[in-house]
Amino acid sequence: MSFDTDKANEKNRGLIDGIVSELCAAAVDSMARLRRKPARHVAPSRVAVLKIMENIRMILFPGYHGPPDLTEETLPYYLGAKLDQTRNLLEDQITRGLCFLCPSDECARLREECIEKASKIVGIFLGFLPEIRRILMTDVQAAYEGDPAAKSPDEAIFCYPGIQAVTNHRIAHELYRLDVPLIPRIISESAHSVTGIDIHPGAVIGERFFMDHGTGIVVGETSVIGSNVRLYQGVTLGALSFPLDASGKPIKGIPRHPVVEDDVIIYSGATILGRITIGKGSVIGGNVWLTQDVPPGSKLTQRKARED
Amino acid sequence: MSFDTDKANEKNRGLIDGIVSELCAAAVDSMARLRRKPARHVAPSRVAVLKIMENIRMILFPGYHGPPDLTEETLPYYLGAKLDQTRNLLEDQITRGLCFLCPSDECARLREECIEKASKIVGIFLGFLPEIRRILMTDVQAAYEGDPAAKSPDEAIFCYPGIQAVTNHRIAHELYRLDVPLIPRIISESAHSVTGIDIHPGAVIGERFFMDHGTGIVVGETSVIGSNVRLYQGVTLGALSFPLDASGKPIKGIPRHPVVEDDVIIYSGATILGRITIGKGSVIGGNVWLTQDVPPGSKLTQRKARED
Amino acid sequence: MSFDTDKANEKNRGLIDGIVSELCAAAVDSMARLRRKPARHVAPSRVAVLKIMENIRMILFPGYHGPPDLTEETLPYYLGAKLDQTRNLLEDQITRGLCFLCPSDECARLREECIEKASKIVGIFLGFLPEIRRILMTDVQAAYEGDPAAKSPDEAIFCYPGIQAVTNHRIAHELYRLDVPLIPRIISESAHSVTGIDIHPGAVIGERFFMDHGTGIVVGETSVIGSNVRLYQGVTLGALSFPLDASGKPIKGIPRHPVVEDDVIIYSGATILGRITIGKGSVIGGNVWLTQDVPPGSKLTQRKARED
Amino acid sequence: MSFDTDKANEKNRGLIDGIVSELCAAAVDSMARLRRKPARHVAPSRVAVLKIMENIRMILFPGYHGPPDLTEETLPYYLGAKLDQTRNLLEDQITRGLCFLCPSDECARLREECIEKASKIVGIFLGFLPEIRRILMTDVQAAYEGDPAAKSPDEAIFCYPGIQAVTNHRIAHELYRLDVPLIPRIISESAHSVTGIDIHPGAVIGERFFMDHGTGIVVGETSVIGSNVRLYQGVTLGALSFPLDASGKPIKGIPRHPVVEDDVIIYSGATILGRITIGKGSVIGGNVWLTQDVPPGSKLTQRKARED
Amino acid sequence: MSFDTDKANEKNRGLIDGIVSELCAAAVDSMARLRRKPARHVAPSRVAVLKIMENIRMILFPGYHGPPDLTEETLPYYLGAKLDQTRNLLEDQITRGLCFLCPSDECARLREECIEKASKIVGIFLGFLPEIRRILMTDVQAAYEGDPAAKSPDEAIFCYPGIQAVTNHRIAHELYRLDVPLIPRIISESAHSVTGIDIHPGAVIGERFFMDHGTGIVVGETSVIGSNVRLYQGVTLGALSFPLDASGKPIKGIPRHPVVEDDVIIYSGATILGRITIGKGSVIGGNVWLTQDVPPGSKLTQRKARED
Amino acid sequence: MSFDTDKANEKNRGLIDGIVSELCAAAVDSMARLRRKPARHVAPSRVAVLKIMENIRMILFPGYHGPPDLTEETLPYYLGAKLDQTRNLLEDQITRGLCFLCPSDECARLREECIEKASKIVGIFLGFLPEIRRILMTDVQAAYEGDPAAKSPDEAIFCYPGIQAVTNHRIAHELYRLDVPLIPRIISESAHSVTGIDIHPGAVIGERFFMDHGTGIVVGETSVIGSNVRLYQGVTLGALSFPLDASGKPIKGIPRHPVVEDDVIIYSGATILGRITIGKGSVIGGNVWLTQDVPPGSKLTQRKARED
C-alpha cells in the first residue's frame, strides 16, 4: 500500500462516489424485494456459532478437545463453565435467528417473546447433550470397527472427518427439531466446508453411523437412515424431482429423500434419489445410480466398464 | 517444549547446519530452473486476497456480511470506506501479481508501469460491482426457487456454499478478463477449499446459476454456461484430451470444455468432457459419462445397475 | 448476551448442575471403556501441527510461502531458524502422540524414553527434507505440464490444491514410516479438510504425481502408485472388502488397495477397489467402477448413457 | 504444562473444591455488603472503551491515527463509518454503565429507559466532536510552541503523551458533564496507565493546555484551569483536606482543588493543594509545596538546597 | 516492504553475516561472564504471568473482571475452572523460574525436584486466595472512604490503579514469602508498568491500604507498612544508603527501608529514606525529604516556598 | 449492540451526516494550517516500531527475550533471520518517516532518494548493534551492583524497567544521530509509556548507567551524562528557560539541559534545570531544586522539613 498512487487516484476521482450511489440504490431496492428493510436486526454470527460448536465438542469429548490435563476433580468445573458459556452464546444466536427472520413490524413488542423462546429452547437442548454423547460414542465405535486403518477409537474422535460431521449433524438436528431457524444450517454448513460432507439438519440418522473419507457425501432434508449404516465418499441421498406449486415453485417439506434401513453399506459415488427404500442389510456398489426401491439383503453394482 | 532434550540435542548437533546447506543449494538450483531468482519480488498474499473477498462480500450483501445495524443513513459511509480499503488492497495485490510473474530484468523501470496498470484495472473492476451484484441476486433467487429445503433467500445469501462459490467466481472472472495474473486463481481456490467447488476463473456463466450442495463440482477454464442452469454435487465439466505442442506439452488456451445451454440441469456425479454442447433444456442424470453433443431437450440417465 | 434473561434463568435454575452430573458420569464410564483414564496426558495439538506444516512449506518452497524478499545471503538464516523451530515443535508433538496412545501404567518411567524416541525420529525425519523437496519439484513440473490452464510452475506451487495435498502426504508418509502415531493422520486430515483430497499416510506414491482439481480423491492406506500418474477429482483407490478376525473386526494392515503402475491416468469419479493392479500406461475413464486387474496399456470407459 | 504432575496432583486432590467453597461464600457475602447481587448485569468493558477511544482519535486526527492514504473524496466515508461504529459501541457501554450502577430492583422495566437515555447522551456527545477537535488543535499548537525539542505539530499529534492525555480528558469530561457513570473514569484511567498523567474527568481545562513529559501529573476532580497553562511532570493539583460527614466519610462533590488562571506555568514536582487560586501569569517553581493563594504574576521557587 | 531495494541491498551484502558473527561471539562471551550457558532452560514467560494475574483477578473479583452474568449456580464452575487453569500455568512458570536460576550442572536430576517443589508451592499459594480476597476488600473499602471522588466501591475495584497495584502486590508478596524466584518480580513490574506504582514483592503491608493516584510511588523491599495507611502519588519509601561487602557490592537482605505505623498519611512526592519509623497517626506533607524517626502523631510539612 | 435502538435512531437521523460535514471542513482547514495535505503519505506505524524493538531486544539479549532453547548451533540462524526482518521493517519505517515530514511537492521524484537514504541509514545502524550490546551489558552490571534487591544480573535483563528504558534510549539515540525523523521519538515514547522514564533521544549517556525504579525520570534533549551515573525515580534533568526567537517561539537545538559528570548519584525527585554542571562524584539528595553548577564531590540535600 505504499506505492505512489497519486496519478492513478487522480484518474479515479469520483469513482467511489459513483459506485456507492449505485450500490445504495440497488441495496434498498432488492432488499425490499426480499421483503426486508436493510439490516433491521443483527444477523446471527458464523464466528459465534463456530465457538458454540467448539465448546460443545469439548463438553462431549473432554480430553480430546479443549483444555487438557482434566482430572475427576476438575472435570465438573470445566464442564459447568463451558455449559454456561454455551448457554449464553446460544441464547444470543437463537434470538438473533428468530428476529432476523421475523416478518413482523411490531418487533419491539415481539422481541421479548423471542428472547424468552430462545431461552426455553436452549434449556431443552442442553438437556439432550448426555444422550447425544451416548449416541456419538456408538458412532465412534462403528468408525473404529469399520475402518481397518483405524488404530484406536481415540484416533477417530481426534481426527476423523466423519465423526466431526456427524457430531455437527446430531447437534444441528436437535436444534432443527426445536424449530430454530438458520443456526442449524450454519452448523451443518460449517461441517460441510471442513469435511465436504453435507447433511441437511432435517435428516434422521440412527446409531452407529459411519462415513468413511466422506468428501462429497450429501444427505437430503427428509432422508431417514437406520442403525449401523455405512456411507463412503461421494454418496448422494437426494431428491429425484419435486412437485411444484401453482406458481412453479417447489413445495417445501414433502418427503422426497431415501429411507435407508439398518445395516446398509453404500459404496463411493453411489447416487440414490427419491423417496425409495434401501432394504435392511443391502450393499450398494460404487457409482450406482438408483431411483427405485431395493429389497432387504440386495447387492447392487454398476455395469462392467467397457474396454475401448 | 519444556522437555530436557539436552542429550538428544547432543546427538543431533550439526544436523541443522547440514540440512540448511543442502536446501540452500537445492533452492538456488531449482529456482534457477524455474527461471526465477530467489524471491526477487514480494509474492501476492493469500491472506490479503481473503480480506479483499470479505470486503467485497460486505459491499455486495450489506447486512448479511460485515457490520450489522446499517441504516439508510449509514450504509453509504460503510460502502465508501470498504470500497476504498478494497481499492488499496487490490491495487497492492495486483501489482504484486504483475511483478511476481514479470519475466523482465528491468524491473525498477517497469515497476511504475505495473503500479499504474494495477490502478487502472482496479478502477474498471470496481465499476463492475453494481452489475455483479444484480446478477448475484438472480443466482440467489434461483437457489431459493430450486431448493425445496430453502426457507428464504436470506438463508441462501447467508450460508449456501453455492452462493459463496459463484460470488467468488463472478469476481475472479472479471479480474481474469482484465488479464490479472494469479489473483483470480487465488480467489477461486479460496472458494474451492471451503466449498469443494472448483470453477476456473475463465469459465463464462450466465444468470440464475444454481449449484446445489456443490462439493466436487469442477468447471473448466473454457466452459460456457447459459442462463438458468443447475448443477448438483460432483458434476465435472472437463476436458477430454488436449492437443500437445511439438515438445509434448499441452497447448494452452484452446476451447476444450463443454458448452451448456440455457435451462439445463445436470445431476450429481455426471462427468461431461470435451468441447461438446448440451442443448437447451436438457436433463443429464447422475453419474453419467458424456463426451458427445446432446440435442436440446434431451434426458440422459446412466444404465441400470446390475444385481449381483 | 445483554438481554434481560432473569426470568428465563429462573426457570433453568439447576439445569447446568444436572447436565454436569450426567456428563461426568458418562465421561468416566465411556472413557474407561476406551481403556483410558480421563486425560492422563496432553493430547497432540492440531494447531501446532498446522504450524509445523506451515514451517515445512516455507522450508521447502522459500519465496512462495513464508517471509518474502529472501536473498542468497539471508536464505540460510531463515531456513536454519525455521528448521530449529520445526524440530522443537515436532519433538513436542511426537512425544505427545507417543504418550497419548501409550497403554502402560508406568508412564513416569517411560516418558523419558518417549522423549528420546521422539528426538531421534525428528532427527531422521528432518534429514529427509532435501529429498522430499526434490520429489515435490517433480510433482510441480508434472502439474505444470499436465494442466493446460497452468500459466507457470509458480502458480502450481502457489495455489494448486493438488500440490498442497501431495506435500502434506509426502511429509506424513515419512512420519508414518517412522512409526509416529496420530501426527501423520492429523497432517493428512488437514490437507483433506482444505483440498477434499484424502490420502492415507501409508500410501506409497512415486515421482511426478499430479492430481487435477482433486476434490473427492481417496487413496487408501496400502495403495501403491508408480511414477508419472495422474488422478482427477473424485477418484477412489479403495478396499473392496476386508477379512474379519474371529471377533468380527477387520484385520488391520493387510494389503487391500490397488497398485497403480507408472504413467497411468485415471479420470474423474472412477472407483477402483481391492488389491488389483492397473497396468503401466493405462487410461481409466470417468465414473468407472473397477475391481479387477487391468493389463498395461488398457483404456477403459463407462458404458454409454441411456437416453430416456 | 507438559510435566508429569501426577504425584503432585495426588497430594493436592480436593484443594480446588475447598478453595471454590470458600471463595463462593465470600463472594456472596461481601458482594451483598457492597449492595449488589453477584453480576446481575454486564459490566462495561475496558476493551470496548479502548476501541471507542481509538475510533475517536481517528475521527479527530484523520491521517495520524487509523487508516492512511485518505483523500478529500474518501475522508467522509471513513469518518461516517467510524462515527456510526462509535455510536453503537458507546451506546452499549453507556447502557452497561447505567445498569451496572442502577440501585433499583425493577431493572427489567428501567432497562428500556437506560437504553433510551444512553442513546440520547451519545447523540449529544457526538455533536461536540467538532468543537473538541478545534480545542485540541490549540493544545497541539501550544505543545509545538512550548517544547523546543518539537520538530513539528505533527510530532505532537503523533506521539506526545500530553496530547494523548488531554484528548482522553476532553472526551471524558464531556461524558462526565452528561452524567455518564464509570465510562469517563475508564477513559481517564486508560490515559493514566499509558502516560502517567492522571486527570479526573471532572476537571475544567481551557484551551492551549500543554503538559510536558507529563509522568506523575495529577489534576483533581474540582480543579479549574484557564487558557494557555503549562504543567510539567509530577505536578499535583490536589485536595488539602476534605470535610467529613457525620459518619466520618468525606463529603463528595465540594470544590477542593486549585483554580489555575490563564498563562500560568508550573514546573516539575510542584504540589498545589486545596481550593486556592494561582493568579494569572504566575510561574511556580519545581518541587514547591503550596497551599495558599498566589497573586497574579507571582514567581515562586523552593528554598535553596543545603550543602552537607 | 515493497520498495525496490535491490541496489541498496547490493551495498549491504555481507552486512548481516558480519553482525551475526560479532553478536554470537559476544553472546557466548558475556553470557559466560554471567555464569550461564546460552539458554539452557526455558525462561519464564511474561505473557503467561499476565494471564495468571488476569485469572486471579477474575477469581478474586468475579463479576468485575472476567466472564459476566455469573449466578450463584454458575459461579463455582467458573471459579473451579479458572483455579485449575491458574494452577497449571503457575506450576509451569514457577518450575521455569526455579530452573532458570538453578546454578547446578546436574539439571536433569534436579528437574524433577523443581517440578515437585513448584507443585507444592502452588498448592499452598492457592490456599491463601480466600484470605487475600478478604484483605483486598478492606483496601477497596479504604479507597472508597478515602477518595471524595469515588462514587462507589465498585468503581474502585473496576478501575483504580491503586487497587490493581495492591492486588498484584499481595499476590507477589505471598509468592515471595514462598521463595519463588523471578515470578513475584514480574508480577510487581507488570503493575508498575501500568500504574507507575513500584512496590517490591518483599514489602509487608497491612490492611486498608490506599494509594491515591499512585504514579511514582516506590515501596522498597524491606519496608513495613501498618494498617490503614494512605500514600499519595510520588511517595518514596526507600533506602538511604546500604553497607557494602568487602568487594564493594551492596550486602543483600538487610532491613534498610522505613517502618510506617498504623493510620499514617503521606502526601505526594514525600521521600522517606532509611530504616526509620513513622509513628502511628502521623501526617507527612508533600515533597518532604525525611531520613529520621518521627514520633506518633507528628505533622510534618516542607518549608515555605520562597518568592523571587 | 443488540438493543432495540429504533426509536432512538429515529431521533438521531441526520446526526452523522452533520458531524461528518463539520469534521471534513475542519480537517481540510486545520491540516492546511499545519502545512500538510490530508494524508499524502503513509505515516510511520507505532505497531511496526514496537515489533522492531522486540526484535532488537531478542538480538541483543538472546535467551532472555524471544525464542528460548537456543544453542551455539542455532543462535546464528535466529540472529540472522531477526536481523534481516529488522532491516526490512526499519527501512520501511524510516522511509515513511522521511516521506511523512518531507515538505516537498516533488514527492514522486524524491521518494527514490528517501528509500535509498533509509537503506543506507539502516546498514550503518545495524553495524552499531554489537557495540550497543557491549554498553548495555555494563548497564546491566551496574543495575545488579547498585540494587541490593537484585538477585542476579539475569533479573535485571529480564524485568528491570531501567534496563528496558536505557535499551530503547541507546537504540533511539543512534537513530537520532543518523537524522532519522519521528522513529527515535516513537521508540523513546514507547519506553516512556511502559516505564514512566522519559529520555529524549538526543541525550548523550555514558556506560554503566543505572536508573532505579525510574518512574518520572525526565532527561532532556541536550543533557550529557557521564559514566557510572545513577538516577532514582522522579529525577528531572530539564531546561530552566529557553531563548525565544523574534516571533516568540523557542529557538530549537540550543544546549539547555544539565551536564552530569561521572560517578554522580541523584536521589528521587530532584529537579535539576539548565545548562549547569554536576561535578564528578557528587551526590544530590531527594526533592532538591537545583539551577546552579555544583563542584565535584558535592553532597546536597533539601532543607529539613518543618514540624507544624
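Order as written gives the chain letters A, B, C, D, E and F; numbering starts at 1 within each chain.
What we mean here is this: a contact is a pair of C-beta atoms (placed from the backbone, for glycine too) under 8 Å apart; a residue touches a chain by one contact, two chains touch by 3 or more.
Since the model is a prediction, treat every value here as computed from it, not as a measurement.
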item	value
Chain at maximum distance from subunit F, centres defined as averaged CA atoms	A
Copies subunit C and subunit B - interface residue numbers shared by over half, same or different	different
Superposing rotation of subunit C relative to subunit F, computed on C-alpha atoms, to nearest 5°	180
Distance between chain centroids, defined by C-alpha means - subunit B, subunit F (Å)	48
Intercentroid distance (Cα basis), subunit D paired with subunit C, Å	55
Whole-Å separation of chain centres (CA-atom averages), subunit E against subunit F	24
Averaged-CA centre spacing for the pair subunit D and subunit B, given as whole angstrom	50
Junction residues of subunit F - those touching two or more other chains	1-5, 7, 9, 16-17, 20, 42, 68-69, 71, 74, 76-77, 79-80, 83-84, 88, 92, 95, 196, 215-216, 234, 269, 285, 287-288, 301-304
Contact set on subunit C toward subunit F in their complex	2-3, 67, 69, 74, 76-81, 83-85, 88
For the subunit E and subunit C complex, residues of the former touching the latter	1, 9, 13-14, 16-17, 20, 68-69, 71, 73-74, 77
Touch list for subunit D against partner subunit F, complex	59, 62-64, 68-72, 75-76, 79-80, 83-84, 87-89, 91-92, 95, 115-116, 119-120, 122-123, 126-127, 129-130, 133-134, 137, 145-149, 151-155, 158-161, 194-196, 213-216, 232-234, 267-269, 285-288, 301-308
Residues of subunit C touching subunit A in the complex	1, 3-5, 7-9, 11-12, 15-24, 26-28, 30-31, 34, 36, 38-39, 41-44, 46, 100-101, 181-182, 185-186, 189, 192-193, 196, 198, 200, 202, 215-216, 218, 220-221, 234, 236, 238-239, 242, 249-254, 256, 269, 271, 273, 284-285, 287-290, 298-304
